[in-house]
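Paired with chain B in one complex and with chain C in the other, chain A is shared by the two complexes that follow.
Right, the complex of A and B next:
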């Protein structure tokens, strides 16, 4: 029979088994730390990715919306709220007439009924394929033939019927393509050409969904997405648009909107960093106290190791290895638990946070995992370093007597 | 010569007054010697044993074990002496409760770099001390006498030359005390030098020399046993 060597690792594990309550209590402390580190980091990065995704996706430098509807526009773009608002289509030509405007593309916002597609009402956004520069660049599977009449492009969270369609106002519309995930309101939105939107608008009215009294589809749009011409500043474009529209619209600067969302995100991120830092320090202090008390309780045992021929280095190594196993166990447990929450419930977390939320890619997740693992796994050895040094340097005779 | 102690001193301060816990001790032991040291509590017996085992640094004097002077040895070398030449059985219960009997005995084998395995030697020692059948038992299942036998077997695991014991029968009943003393006597007869500190006069009859320790000074016993 192969005999098991009483290595430092085995002795450490046997000792941890001897005190299961103490071992699990210490593991729990580190697990809380690694849970906060890993879970917090994944959430932090998801929010940062969400903001970055929204910034990329909006594409437009300026968005022109009806007066007083800038917040509603944010609601549609960031949280996917099924809101609609309209203004006179003449605004589009007014904007296009500005010298500083390179492209101006109209959009038309509707909202689906509650019980049809997707379990709840979602935004349906009409765009003009000829001028659009904010929707089509993000289509995952390119459709070579162009978006046909009656076809829909959907955000990543929209669930299709079995036959690859979505139901709006009693009619099924074929899903032509799906957009890349952003973590923002775009994921729960549907996009169609203005022709299809016209049909939807009529169907909606037939179903009794009056989006706004006095609005006619032919003469209305919801927003104008604007790209500023090279050589012009954003301010010059703003001034020109304001003048051309006689100040009767709301002009949203997308960068300001993102900065505003990002500003509140900055607060959340700082809060998360502080919490993670506080947990790390608290875990270090708590473990230092526990290891110090434990080392005092075990003086006789450590003295015995020295009597039997263990060097100071070996004794330190025994103490540090035990602490490392506790840390490693806690780190793996905490990361595992955090992973069971932040990944399956990412959509729910994003909804609750109210800001764009996009999970990091596999490479980023591995980096976060590695960082959390290292920071959690070193906390035990760091906390026990003082005790290990003190015990191993003490005169064995005195350690033995103190331990009796 | 297995052990040579020359001018060994350990000075402590009590208040502002210096005093010698061990005061210029000289003695030596050869293979197979069984030396008993008796003395009252606080006379310096345990301090002297710890100086011999290299667990305390002497104020003056030298300890030489199997030709190796302990003075000036670094921790690595001193630990190697404790592991390979000298077996030390401290006072009281010193068996590790998380290891079974066999692993307790095997433990010192892993404190120095060695080739081979430890189980055969550990089993041989357990048989020698009469508890081979308890190899797989946990310490909590053993009596005081059996635990003391485990300590002795463990002390001999890697060292056969000098066995040092601090009050090996201190907490045992007379019958078990006699059994342990017979065991120590047989170990000495097999060539291991046995140095024992005790305060039980009866146990000194098993050895071939007895010293008295009094206020740090070691003198040959004049008591007729």
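Right, the complex of A and C next:
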């Protein structure tokens, strides 16, 4: 039978195996820490990515919507709520007449029926390709050349039928392109040119969709996306638009809208950072106490090692290695458990929080993984450093004679 | 000997979660009698599969013969494979990626299926060494 050398690593593992309850209890402490660190960091970054994605995607500086419908507009953009509202198309020309306005592009909102595309109602947004600056720049997959009449651009979460179409009001529409993922309501929205929207509007009316009296696709629009001309401030543009429209519309400043979403997010993020910090300090304190107590209990065991020829350095490295194995085991367990929750359930978490939520890319995930692993794995050796030093300095003779 | 109770208890808990989770803890979409959705049928299928896994868990605790327990563990592995296949391929879930059955039920069942395969597989592997 081959005998294995009693190296520091093997001795540490044997010591840990000898006290399974204590080992697993300490692993659990570090696992909780790494769970919070990894899970919290992935969630934090997903929320930040979501807000940044929405900010990029909105594109417009100002959005003009009917009076009292600013919250509904947020609902469409952030949650992808299938809401529609209309105002007189004359507003578009009024906005365009403002000196501070560089581009003003109209949009027309519809909502699909529940039982058709995608299993539930989704927003269908009509846009004007000639003036649009908020939809077309975000096309990532082009399935056909240009957007023709009867074709649709879809958000990343829209699932096509087997023939590459989507069903709206009893008719199939070909998907021409797919938009970049944002983690917001844009992912569940569909976009079409105004002439396709005209067909959809007629079909929607035939299927029983309710539109307020006087609303037609020819004389109504839902919103105007506005880009402010260089050299003009946002406030100047706001004043001019308000004057031109005689204050009969709601003017949404996209930055304020993002700030209001991001503002509530700021609170959540600070809590997450504080909780992660508190857990790290608590784990350090708890492990320091446990290592100190157990090192005290094992004084005679270490003195015996000294008698058997172990150097002082060997004793301290034995304690540090045991602590490192505990931390590494806990870190891997905690990160593994967190990964089993934050990745498969990411859509559910985002939906529950009601804010744009976009998972970090692979590079960011690897960085978070590395950071959490290092922070969790060093907690054990740090906590046991004092005990390791104390044990290595103890006098063997006095330790063995203690209590006599 | 102690392992048979641990494996049995784990399979029992996993089986019950697979059987009743889609109706309670991680529910599928609400049942609409006019237009029942795929996820409703998938939930019912998981009820059957989960209950069989739970019964295997009980049998693991009752049976003494190692080879019988190994056979039961192998059956648990096969059923564990079936658990994620039902929402992913065989029946499916709703189309809208934001529906509860897609965001919650499906990932939960995939995870429980993987755990069932792991528990059953490790048990079968460990019992391979036992001669009885």
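To be clear about the criterion, the second predicted complex is superposed on the first by the 390 of 404 C-alpha atoms of A that agree within 3 Å, B and C clash if a C-alpha of one lies under 4 Å from a C-alpha of the other, contacts with A are read in each partner's own complex, and residues count from 1 in each chain.
What we mean here is this: a contact is a pair of C-beta atoms (placed from the backbone, for glycine too) under 8 Å apart; a residue touches a chain by one contact, two chains touch by 3 or more.
Computed from a predicted model, the values in this text were never measured in an experiment.
A.B. asks: For A:310, decide between first (touching chain B), second (touching chain C), both and neither.
C.D. replies: Only chain B; A:310 stays clear of chain C.
A.B. asks: Please indicate which partner A:120 is in contact with in the superposed arrangement: first for chain B, second for chain C, both, or neither.
C.D. replies: second
A.B. asks: Contact-wise, after the overlay, does A:395 reach chain B, chain C, both or neither (first, second, both, neither)?
C.D. replies: In the superposition, A:395 contacts chain B only.
A.B. asks: Between chain B and chain C, point out the one touching more chain A residues.
C.D. replies: With both complexes superposed on chain A, more residues of chain A are touched by B.
A.B. asks: Check whether A:362 is in contact with chain B, with chain C, with both or with neither, and answer first, second, both or neither.
C.D. replies: neither
A.B. asks: List the residues on chain A that touch chain B in their complex, please.
C.D. replies: 3, 5-7, 14-15, 17-18, 300-301, 303-314, 395-397, 400, 404
A.B. asks: Which of the residues in chain A come into contact with chain C in the complex?
C.D. replies: For this pair, the touching residues of chain A are 80, 115, 117-120, 122, 157, 159, 188, 340, 344-345, 347-348, 351.
A.B. asks: Within the complex, which stretch of chain B touches chain A?
C.D. replies: 47, 50, 53, 55-57, 75-76, 79-80, 82-84, 88, 90, 92, 94, 96-99, 103, 106-112, 117-119, 154, 158
A.B. asks: Touching residues of chain C toward chain A in the complex: what are they?
C.D. replies: 35, 37, 94-100, 102-104, 107-108, 110-111
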